[in-house]
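Once you scroll down, you'll see the structures, which are given as C-alpha cells.
What follows is chain A paired twice: with chain B in the first complex and chain C in the second.
For the complex of A and B:
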C-alpha cells in the first residue's frame, strides 16, 4: 500500500540535511514527470517526497569564460528559450526540441532527466555529446562526475541517496557542429527507439574532435568511443562513413522488446550515425 | 428541399459546456456517503480457481463489501447485448459477471470490493487470497480450432460461429481468370483508447430502485443488470452520461453490474472508475483476424472470382463476436460485383482478451484485405487504382454476393474518383531518403443494426406554452452529435430556433428507449422517430393555424416561430398563439413516435443470403505518403475522405466524423497494436500502446456527396463507423506505391518496412 510524506525545503542546505536524514527513504522530486507515473504504477511506495522545486539556487543558465553551467532545476522549455544553450551547447538545444511534448517540456528538468537514468533519456544523450559534468552536493561537500561515468544501468546511477544534483556544466561548443536525431514510433510523446547526439569539430576537411553519444541502444546512454577514435583525423568520405557505421554497430548492445527488435535497432544505429553527420555538416 | 437549420454547420448544443469543463462526466459525479469500488482481476490468462478467501479483506476496517461469484444471484446469463428480441443461441453468448471455475483471460474480474475510500479498497484487493491452478490455455486461433485443442470454456467447442457466402462456381471462375492474386493478411487486436475510461456511480433510491449513472453506449443494459440481481426490470434505472468517447468499447456492459451488486449489498452509493491500465486490460478489443484471400481477374481487369477464409480471434468470451463475424462475412467481397464467390468465416475462442464491438464492427478487417488485393491486381494488370475499381464496383441495381440488391444510388465509383482526383498534381520530392507514394481504397459499411434484430427507436417531442420545445429520447451521446441532430430536426420541422429546444437524453426511467448508440444507427433510427413525432405535431399546428387564418393547410408553411401563407406572407400567426389555441382546446401538444427498421428473419443456416442490413454507406480514402527508405518511417502527407452521406444534417459534425474516422484508423494502419503474448498484454499502458498525436496526422480533406439516397431523415445515411473504413488499406497501398513493399500485417511499422526493403537489396 502506498503512503507518502511530503517535504518542501526552502534552501539547498535544508534539502541536503533532509536527504541525509532520510537516506533511501527520501526521494527528490521537481517536475514530477517520471515520479507521478511511477507512483501510480506502484513502482514507488512509502517514501518521503522531497520537493526541491522552490530552490532558486538550482535554477539558471550561466556562462563563465569557456564554461556553461546549467542549474539542475532548469526545465527543458527554459533550455529551448536560452540563447546561451542555442549558441554554445547547440546539441542540447536541438535535443530539447524533440523532448516529449510541450506540456512535459514545461515541467521536466534537466536534473530530473539525469536522476531518472533512463537509457533513452533525450536530455542526457546531448549532455554526453557535450562531455558534460554532473555537479552533485551533499552535506559532505560537492563533487563533479563526468556524465559518462554517471550511469551504471537502466534506472541506476552513482548518485547516493544523500546527494542532490545541483547542475551540469560543459565547455562551449560554439565553433563546433552539432546534431541530435531521435527515432521514435511517433512524432511526439514517444520513447526513443534510438537516438544520437553528435558534436564534431573539423580542421580543414578532416575530423579534429568528435563526440558521439547514443541513446536507447545499451543499458545506459553511451559514447561511441571506438567510432570516435576511428573518425578522428579522417576525412568524411562515403567509405569512411560506411566503415564508421560498421564500427558503431559493434559498440551498441540494443535489446528486443515490444517496441522494436534488436535487429532493427542495430540497423537504425548505422542510419542515425550517417544522418547525424549529414545534418551537422549540412 | 429548402431548409433553414438542416444542412448547416451549427455548433453543437453540448459544445460550450464541454469546452468550459462544465459537463459532469461519469467520474465527476459524487454522492454523500459514497463508497469506492475496486475489482480484483485474474493474474493468469487460463487457470482454475480452487479457492477464494476473502476473510482478511472483509476484516479490514473501512471495507463494506467483498463479493465473489457465489454472491451474484445470477452469475451466468445468455447475454442479449441490449437486444429486446430473441435471436437464438447462435447470436448470443455467455455473460459471466465474476469468474467462476475456469478463469479465461488475464484481467478477468474475480472479486469486487467496496470501501470507505479508494485507498482502503485497493488495500483490500491485496488481502483477497485466490488459489489458482494455472492451465495451459490456447492463444492462437488456428490452434484453438484443432481437434483436441485446450477448451477455453469447460468442455464446449472453441468455435463461436461459422458463416458462409456462396455465389456461382469459384473453381470455374478461377479457371477463367488470367491473373490470380493470393495473400494472407493479419490484423491485430486494437484498443478503443477513448479519453474517458469506464466509470459510473450507483445508488439505491427511496423506492428501492437501483440507479446507475454510467458512461455507456447502451442504457438498455438495465435489463441485464436486473437479471443479474434477480430483480424486476423496472427496479433498475440507467442514466447515461455524456461520453468521453465510446467507439464500441462501451457497447458491452462495463461497470454496471459491479456497481449494482455493491450498492444492493451495502445500501450505499458506490463509485467505480477504471484506471487507464485497467481499462486496457479489462474491456473488449477489435478482433484480430487472419484472412486468406484469393482474387481472380481477366486480362482486361474484370473480377471473376473471389475466395476468402477469415479466422476471427474471439478471445475469451463470446460477447458480440457472432454479429461482428456476420458483418465481416457480408463485407468480405467489398463493394464489387463478382460472379463467383466463396466466403468461409469462423470465430474461435482463445485465452486472449475478448473481442467485441469497435468502430467499424467487422467491416474494417476484410476491407484491409480486399482493397490490398485490388491494388495488387491493378499492378499486375498495369491498371491505375481508380480504373480497376470503377470497372468492378457495385452500382445501383447491383447485388452483393449474398443476393442483397441495391435499389438506391450506389456511390462507389463517384467517391473513388473524387477522392483520387483531390490529391492533386504530384509534387517534387526533394529528400533523397524519401519516396512518395499514393494509395486509394474504397469501402462499404452498413448503418443501422442487423435487420433480424428487429430494431426500433422511440422519441418524444413536446411544445411548451411559450413556444419552446422539449425532446426526450433515450439516445446516449458519444460526442458524435447524436443529441444535436435530433434538435436540428425539430428546429427545422417546427420553425423553432435551436436555442429554444431542450433535449433530455439517455435515462431509462424518463426518456423513451431509443436503442443503442452503436451500429451507426442513431441518426437513422432516432432521427426518423424524432422526425415522425415532429411532423405529427406540425400537422396539428398547421391544421389549427389553417382554421385560425382561414387558409388551407396546403398553402401554409411553418418558419421563424410562425405559420404563414405561402401565397401572402402577410397572413401570418405566431407559433405561440397557435400553441396556446391548441392548449385551450385540449389538442395534444406532445407526440411520442416509434420508428421501425426493416425486419427480416434470423438466418436459418450458416449460409448467409438476402437482406441482412437496411442499407449501406459508401466512401473512399486517397492518401499520399512519404516513406523513409532507410528507417521505414511512414508519414501521411495528404489524406482525402470522400463519402456519400446522403444528406448532411450538420455539416460540421459530418466533417468531424470523417476527420475523426480517418485518424482513428490511420492509427490502425501505422502504429496501433495490442500486442498479446501467451495471453498477456505487452502494451499495458499508453507508453507502449501508441495512438497518433496531433503531430502525426495531416489535415484531412473531406468531400461530401449528398445523394439523398439514405434511409435516414431527409435522405441521410449514417457515417460514424463507415468513416474509419478504407483508410488503412489506402495507406498500405500508398506504401506499396512508394517503395514496392506490400505490408500484409498491421500495423505497418517502420521496422517491417525497413527490414523488408533491406531484404530486397
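For the complex of A and C:
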C-alpha cells in the first residue's frame, strides 16, 4: 500500500479545512513539476497530496486600477498569453519566456514556483522586481506577505502548513522599462546559475525608481537594495554603472555548487547588472 | 473530506475510456503505459528533463511523468498512436522519415507530439521558433538538425498550401 494519500477538494474552503487538519502531513500539489521529481528521488516519502488543480477560483489574471492580481494556479504559459502581464508586468512576461521549457510551462504554476522557494526560481525573481505581494489564506483568514519577506532559506518560506497561496499582486509597471536575464548552462530546462530581474523608471536621463532582483546568488532570491539606492537619482553613465556593479557584488552571497563556483557567480553578478540595464534601455 | 489511498479514475486515452485503480503518487505516464497499454509514450528520465513522455492533455502538450494520474481523471489524453489519422501528424511523420530525423527513435513520439502542437498554433515559424518549441525534448543521438529540418519542411508546406 502506498505511503501517500490523495485528496481533491472541490472548493478553496474545503482545501483550507483539509490543510488545517493535516498540518505538516499535507502537501499542496497543482502542476506537480517539482513534487513528482521529489517523490521519485524519495525526497518526499509520505504525505497526503492535496490536489488543488481543479480550483477555478485560484485561476485568472485581473487588473483593477493600478493593481494587477494573478491567481496562484495560473500557469507560466497563461502568463505568457496574457496582455495584462505583457503590458503591465513586463519583467514577469520576459522571465516566463526563459522558464523551464514550453511543455513544463503548460503545467508549472506561479503559486507553485513561490511555494517551492528555490533561490533560483525564475518565476520569483521577476515578482521580486515587481515588488509583488503574496496572498495567503488559511482558516484563520487572509494575509499578504511582501515577496521580499516571504523566503527564509533554500526551500523555506514563511508559509505555514495550514496556509494556501491564493495569488500574487503588484502595481503596474506600464511606463517603466524591464529586463530579465537568466544565465544557465543551456537554453531550456536549465536551473539558473544566476539571474536578474530589473524594473527601472527614468525621469529625464536620471533614474527615478529602480528595483533589482537577483536569483541563485544567495540562500533566497534577493533585492539589491544598496545598489538601488545608489542608482536612484543618478544618471546611468558608464562610471555610475561600473560603481553599481561593484556595489551589487557586495550584496550577494553566492555558493559554489555543481553548476558554478562562487567566484564565477560573483563575476556574473556584475555582468548581469550591466547587461540588464543595456537590455531594458535598448 | 475523503483521503484516498487507492483512486479509481477514468481517462479518455486516444478516444477510448480507460478505468483503473491508481496509487496517489502514480504518474500519468505510468497510467498510460501500464494501465492503458499505450506504449508509444516513452519513459526516459522520469523526472521532467527529457520529454520522451510528451502527450497531449486537454489540448496542451505536457510531460506525462510530471502529471499525477489522478489529475487526469475524467480528462482526455492523446498520443501519437491516437493521431494516426490526423493530416498534420501524418505530414510530420513522413517528413521525419524522409529527412532521416529518426535515429534510435526513442525521442521521436515526444518530438512528434510537441511539433504537432506547435505547428497547429503557429503559422510560418522560423527555425529559432521551432528549436524553442522543441527545447523540452532531448535527442540523445543528438540528431537535432534533421529533426528541425523535418518540422521546418512541414511548416513550409503548410504555408504554401495556404497561399
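Quick note on the criterion: the second predicted complex is superposed on the first by the 280 of 282 C-alpha atoms of A that agree within 3 Å, B and C clash if a C-alpha of one lies under 4 Å from a C-alpha of the other, contacts with A are read in each partner's own complex, and residues count from 1 in each chain.
Just so it is clear, contacts are C-beta pairs under 8 Å (C-beta built on N, C-alpha and C of every residue); 3 or more make two chains touch, one makes a residue touch a chain.
Remember, predicted model here, so these are calculated numbers, not experimental data.
Contact with both chain B and chain C is seen for A:189 once the two complexes are overlaid on the shared chain. Number of chain A residues touched is higher for C, counting chain B against chain C.
When the two complexes are overlaid on their common chain A, residue A:241 makes contact with neither chain B nor chain C.
In the superposed pair of complexes, A:218 makes contact with neither chain B nor chain C. Of the two partner chains placed around the shared chain by superposition, neither chain B nor chain C is touched by A:86. Once the two complexes are overlaid on the shared chain, A:259 sits against chain B while remaining clear of chain C. In the overlay built on the shared chain, the residue A:268 is in contact with chain B alone; chain C does not reach it. In the superposition on chain A, A:158 makes contact with neither chain B nor chain C.
Of the two partner chains placed by superposition, only chain C is touched by A:4; chain B is not.
Shared contact residues of chain A with chain B and chain C: 1-2, 37, 40-41, 101, 187-189. On the side of chain B, the complex with chain A involves touching residues 119, 122-123, 126, 275, 277, 433, 630-631, 633, 671, 675, 682-683, 685, 687-688, 690, 692-696, 749-751, 754-755, 758.
Contact residues of chain C toward chain A in the complex are 1-7, 23-25, 27, 46-49, 51, 54, 60-63, 65-68, 70-71, 114, 118, 132-133, 135-137. If you check the complex, the residues on chain A that touch chain B are 1-2, 37, 40-41, 101, 183, 185-191, 258-261, 263-264, 267-268, 271, 275.
Residues of chain A touching chain C in their complex: 1-2, 4-9, 14, 17-18, 21, 29, 31-33, 36-37, 39-41, 48-49, 51, 53, 77, 100-104, 106-107, 187-189.
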